[in-house]
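Shown next, in structure tokens, is the structure this report addresses.
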Amino acid sequence: MVSAQLLAPLVPALPLAGAVIIAALRRRLSGHAAGLLATALIGGAFLCSVLLFLGFDPAGGAQVAHLFDWIRVADMRIGLAFQVDALSLTMMLIVTGVGTLIHLYSIGYMHDDPRQSTFFALLNLFTFAMLLLVMGANYAVTFIGWEGVGLCSYLLIGFWYTNPAYNYAARKAFVMNRIGDVGFVLGLALVFQVFGTLDYTTVMERADTFATGAPALTAITLLLFVGAIGKSAQLPLFTWLPDAMAGPTPVSALIHAATMVTAGIFLLVRSSALFVLAPLTQDVVLYTGLVTALCAATIGVFQNDIKKVLAYSTVSQLGYMFVALGLGAFSAGLFHVTTHAFFKALLFLGAGSVIHALGGEQDIRRMGGLRSATPSTYRTFLVGTLAIAGIFPLSGFFSKDAILAHAYQYGPWIYALLVAGAVLTTYYMFRLLFLVFFGSYRGQAHPHESPAVMTAPLWVLAVLSVVGGALNLPHLFGGHEPMKHFLATAASGVGLEHLHLSALLEWSLMGFSTALVLLTIWIAYGRFAKQATLDPEADALPVPQRWAARKWYLDELYERLFEKPYGWLSTNLSALLEQRVMQPLMVGVGGTAERIGELLRRVQTGNLSTYLFAMVAGLLLFLFLTLNGL
Amino acid sequence: MLLAALLLLPFATATLLLVARPEAQARMLAMASTLVTAVVVLLLWAGYPGTAVTVVDRDWAPAIGLRLVLGYDGIALLMLVLTGLIFPFIIGAGFKQQLDRPATVNALLLYAQSFLFGVFAAQNAFLFYIFYELALVPVFFLLLFWGGEHRRTITVRFFLYTLLGGLSLLFGLAWCVLQTPAPYSADFTALHALRLGTDVQLWLFWALFLAFAIKLPIFPFHSWQPDTYTMAPLQGTMVLGGVMLKMGLYGILRFVMPIVPEGVLFWRDLVIWLSIGGALYAGAIAFRQREFKRLVAWSSLSHVGLLCAGLFAWNSYGVSGALYQALAHAVLLVGLLYIVGAVTARTGTGDLGAMGGLKLRTPRLAALFMLVLVNAVALPLTQSFVGEWLMFNGLWQHNGWMAFAAACTIVLGAIYMLWAYQRVMLGPDSGRPAVADADRDDHLYLVPLIAISLVLGVYPGPVLDLLEAPVQQMLNTLTALN
Amino acid sequence: MLTLFYLFAAISVLCALVVVAARDPVNSVIALIVCFLSIAGHYILLNAQFLAVVHIIVYTGAIMVLFLFVIMLLNLNKATEPQRSLATRVAAVVAGGLVLLTLLAAVRHGISVEPARDFDIGTGLVRSVGRSLFNEFLLPFEVSSVLFLSAMVGAVMLGRREKNPQAA
Amino acid sequence: MNEVVSAIRLVPLEHYVMLSFALFSIGLAGMLFRRNTIIILMCLELMFNSVNLLLTAFSAHHSDPGGQVFVFFIMLVAAAEVTVGLAILVMMKRNVDSVDIDQLNRLRW
């Protein structure tokens, strides 16, 4: 096997090379060639990751490939170093694996866009940044990737830059992420102050010296969580994610569903050793995730844009993951990240296929009956929907069930709320499915199935969504949770998980939630499968529904609370404080000098005799003083 | 000898330009001169032995302690390198700007360069002061004769204001020199050896600091800056913001911190809060500026506030960060201003409200702007991030709330920079007649700048190593105090 | 000797007063010439022979004649000059007196002169002054020719009658 | 030889000092006293001469030719000064038709 020292830097280097080459040659390279090159390089990165995975010995601990010292001041040594361990390998495989499929899909999806090369360069750059994020051997390298994916996300959301709304969405995403980053940066500064280093291995080792609930650790974890809130779109910073759907659909699939938004989860799992020692933060994480999951689910029910529905489901699922982390079930959280990457990428790509088939139409009220026109898309989409609803034996069932079981152990009412969320998820996802693929077509376009280059990734993802559960098959089904044991070698928090529910209880919990989900599917089928009329606009809905459809007025609230006051502040600071106070202050200094000059120039009478007298007087004074001094 | 060449070459070229007035070849001559100085400054760096170097040491006016002492340590060398590397770009901007009487313009710029080298190489307080004020003279004429609207009023106002600071500095320095043992000496070594009483240090701090606070400028001494930056010709703004304000930073390090350490200890919290407050204030105001160049001016003010705060955190991270950021800020500001020039030349207006959709016509320029912009918002792997990260750490070590307030500037920075980018480049086609995309010259100019910011962002080691020893040495003063 | 000194001193002071007081500028010039001649006498008393001769040639011969020429050229020989007010005149006298007083106060304790050890009686002679002038002071001496040149050019420029008054 | 020395020393230096002070003060007072520019120039010459006299006296008593060389230079400067001064005077007469110094008051704020 090739050594990890050589292979590990190669993984991010390949997409970076792709980004640079395509960007440099984007005028000479045809869009198609750029797509192939980008896909091949990501595929290469995936192969490298697989090789690394095969050559990785979990018992041997983390392997660190140190390139060079990045920042070196006084006793601060931050290396540009990559860490290969169970956690980063898992994420690398997801990022490059799903990334390859989405690149492949994009070749078809973007084939008639004039700026195809730019798109692929950015997509490669994103993958590079995401790989830095997950492979970093210290917080700083992770932060490089963290900001890098933010930038790529900005550029890709605003990819069609002639539309001001898209640009606004892109800016909103970047700024909201930045708000989170403030927390992240400060968290890093605190980590450095407390531990004297940012290296993961050292920090996690030294974490043991702290007592549970140590204020320093609580502060660190809270600050890191603020960063995670921004990136992973949790309350109160989630409103950027639905708007981010302005970008091309593959972007939504790769960045805003499968990989980037899970960076927050990754960060928390990475720092699990700190989080298990900060129960206060864990509670905060738990409740934030819970509220976000429910809030986003309620909003999702009333969305009519195919991508918006998926976006809210993403926010909601991310909430589930945070709940898992808050419960201390790190492996369950990451397991859900993995399965979610499969089925959410699948759903987004399926949605993209639908949009492609309808020539850009995104409103589900003007779809319907696409089952026959786009059979491949329909079948794979159905698999994805079933997976997200958690139907046995699809992957979503296992990952969601793991979280629910942990929730029940922590507190039945949390379990109850999560099941309610799952029911809502099932409801709006099947509403989506039925409105799009069932009934009769309500639009004007001529639907056609997407080319093979797009459907092939769909099928691959569908298969993964079905069998993904095997990655962490619980004991109940004869498995022995391989993923959990694998991750336990990298994230010490995973080793502390314990689930001690009786088999009977577990069976009944599963049965209960599955029954509710099936019931919901039946209701949804009854309401939407044969619907011929359009749903009313949000404003026409009765009160509680209208509020939910309006995203609980969060955007309006932020606008009133932050955007408008900030604009007002900016204008008035400039107009009032600066113009009325600061400027006159400075002018006053100049003015005083001028007034003194005005007074002094009167001395210049122009009369030579006066000057003579003055001269003599000066002479006298001088002589007098000199003589007195003698 | 190399150091002497640094001072004399620009001076000689400038004099030649002024006397012979070869208008047609002026830009090329000036460019050649600055390129040679850039090489010389790099040679100087390559030959740096790692400890302070004194090159010239002789009496000039011993009665007042004025001596001709030239030399450099790591910090001064960084400033020399900064001046040497940035000036080719400042001269280069003139090829597109095409001011009239290019011989005079370039001569003034080269004079400024020569004097700036003097400022950073002087090892004697009065010598420093002479160069410090001399450097202002060419800029004054540049602003007065080639400035924009209201140039006379604004220039005079700026000049008076800075001179006021200079006067206070002169007074402070003279006072300090009189405290040295007879025969008086204004050498840095003599001044740094002073141990003044605490009550004296409390007021002397402001006498010394005021000049640099105005020069930088930090809140609330900043009012001259937006007007001046906006009105000045592009190259003038580049000199002012790219290099001259670093004199303020350098002065604080050379005078304020070593001479009045107790004064710094007493006032630093106030100064840091003023700086950070100013940074936030400027960041907030920048957001609603209607003029592109004024927005850049306010953004510079915001960056500089942070820089000053980092300096006064007074630990190795803060000081190194501030110094590193000084270099980054120069590269950034020159790049941004060049973009302003390029955009204004293409749209014929500096009004952000009247722009938009430029990217449709000029995708390459937009890409270059974006690459400059990532440095402006301090994304990692750019120079600015290294500086800001170190400053945040430095501030954090001093006071967490300060670090928090300082870190908020990254949000404000993202807000106004992206807004500017959107206003200029993005959006629907504004129906403007065809404008040319970035041409070979634009690439020749911006690509090296971007390369510097990226290379030094990925591998800042050489610069940080350069600073290590002198910063540590300076901070030992503080350790000795506590 | 002392008598001669007092005589010359009296003449010079008296003539100086006449210079100031005379209404007619021509009288002033004559008085100044006499005053200068008496100063030349002082020079001779001090054995400064070279200076005495140069003084008479330069001042009496050249400068004062120049003054006389100008006065005649400009037709200033009439006492047409407007007088200063009495107050100003008094102030002028007081100022002069004060300067005198202050100066005298400066030397009220006398001046102690160390007698030179190797007294050279030829100090004021042409040989001695010339040697000093052409050794130590050669450069200033040569440079002074530039001064004269510029003074000459300046005088010619100023004295030239402008053809076009607007151009001035 | 000693006769010459004693002859010079016979008049005390104080006498020359007083005399030259007197001449200087008279010149100064005259400058303020008169309005005729030409007289003022003459008073200037008078003040020059008082200084010359003082220098010569000290030079003689110290037996240092340097002082007399200085006097020589002062004469040079005075000659040049008078040349330019009188040229200005002629200009003035031509332009404002007066040699009254109070007429020259245009150089002011």
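Of note:
As written, the chain order gives the labels A, B, C and D, with residue 1 at the start of each chain.
Just so it is clear, contacts are C-beta pairs under 8 Å (C-beta built on N, C-alpha and C of every residue); 3 or more make two chains touch, one makes a residue touch a chain.
This structure is a prediction, so every number in the text was calculated from the model and none was measured.
Of all chains shown, B has the CA centroid lying nearest to the centroid of every protein CA atom. Of the two chain pairs shown, A-C and A-B, the one joined by more C-beta contacts is A-B.
Between chain A and chain C the centroid-to-centroid distance comes to 96 Å (mean Cα coordinates, whole Å). One inter-chain figure worth recording: chain A and chain B are separated by 37 Å, centre to centre, where each centre is the mean of the chain's CA atoms. Between the Cα centres of chain C and chain D there is a gap of 4 Å. With centres set at the average Cα position, the gap from chain A to chain D is 93 Å.
Contact with two or more other chains is made by residues 28, 31-32, 35 of chain D.
Multi-chain contact residues of chain A, defined as those touching 2 or more other chains: 609, 613, 616.
For chain B, the set of residues that touch two or more other chains is empty. Interfaces, counted as pairs of touching chains, are A-B, A-C, A-D, C-D.
The touching residues of chain C, counted against chain D in their complex, run 1-2, 5, 9, 12-13, 16-17, 19-20, 25, 28-29, 32, 35-36, 39, 42-43, 45-48, 50-51, 54-55, 58-59, 62-63, 66-67, 70-71, 73-74, 76, 81-84, 88-89, 91-93, 95-97, 99-100, 103-104, 107, 110-111, 113, 115-116, 118-121, 123-124, 128-129, 131-133, 136-137, 140-141, 144, 147-148, 150-152, 154-156, 158-159, 161.
Touching chain C in their complex are the following residues of chain D: 1, 4-5, 7-11, 13-19, 21-36, 38-39, 41-43, 45-46, 49, 52-53, 56-57, 59-66, 68-69, 71-73, 75-84, 86-91, 93-94, 99-100. Interface residues of chain A facing chain C in the complex, by the touch rule stated above, are 609, 613, 616-617, 619-620, 623-624, 627, 630. The touching residues of chain B, when paired with chain A in their complex, are 156-157, 160-161, 164, 220, 222-224, 281, 284-289, 316-317, 320-321, 357, 359-360, 367, 370, 374, 379-381, 385-386, 389-390, 392-393, 396-397, 400, 403-404, 407-408, 410-411, 414-415, 418-419, 422, 425-429, 458-461, 464-465, 467-468, 472. Chain C meets chain A in the complex at residues 88, 91, 95, 98-99, 102-103, 105-106.
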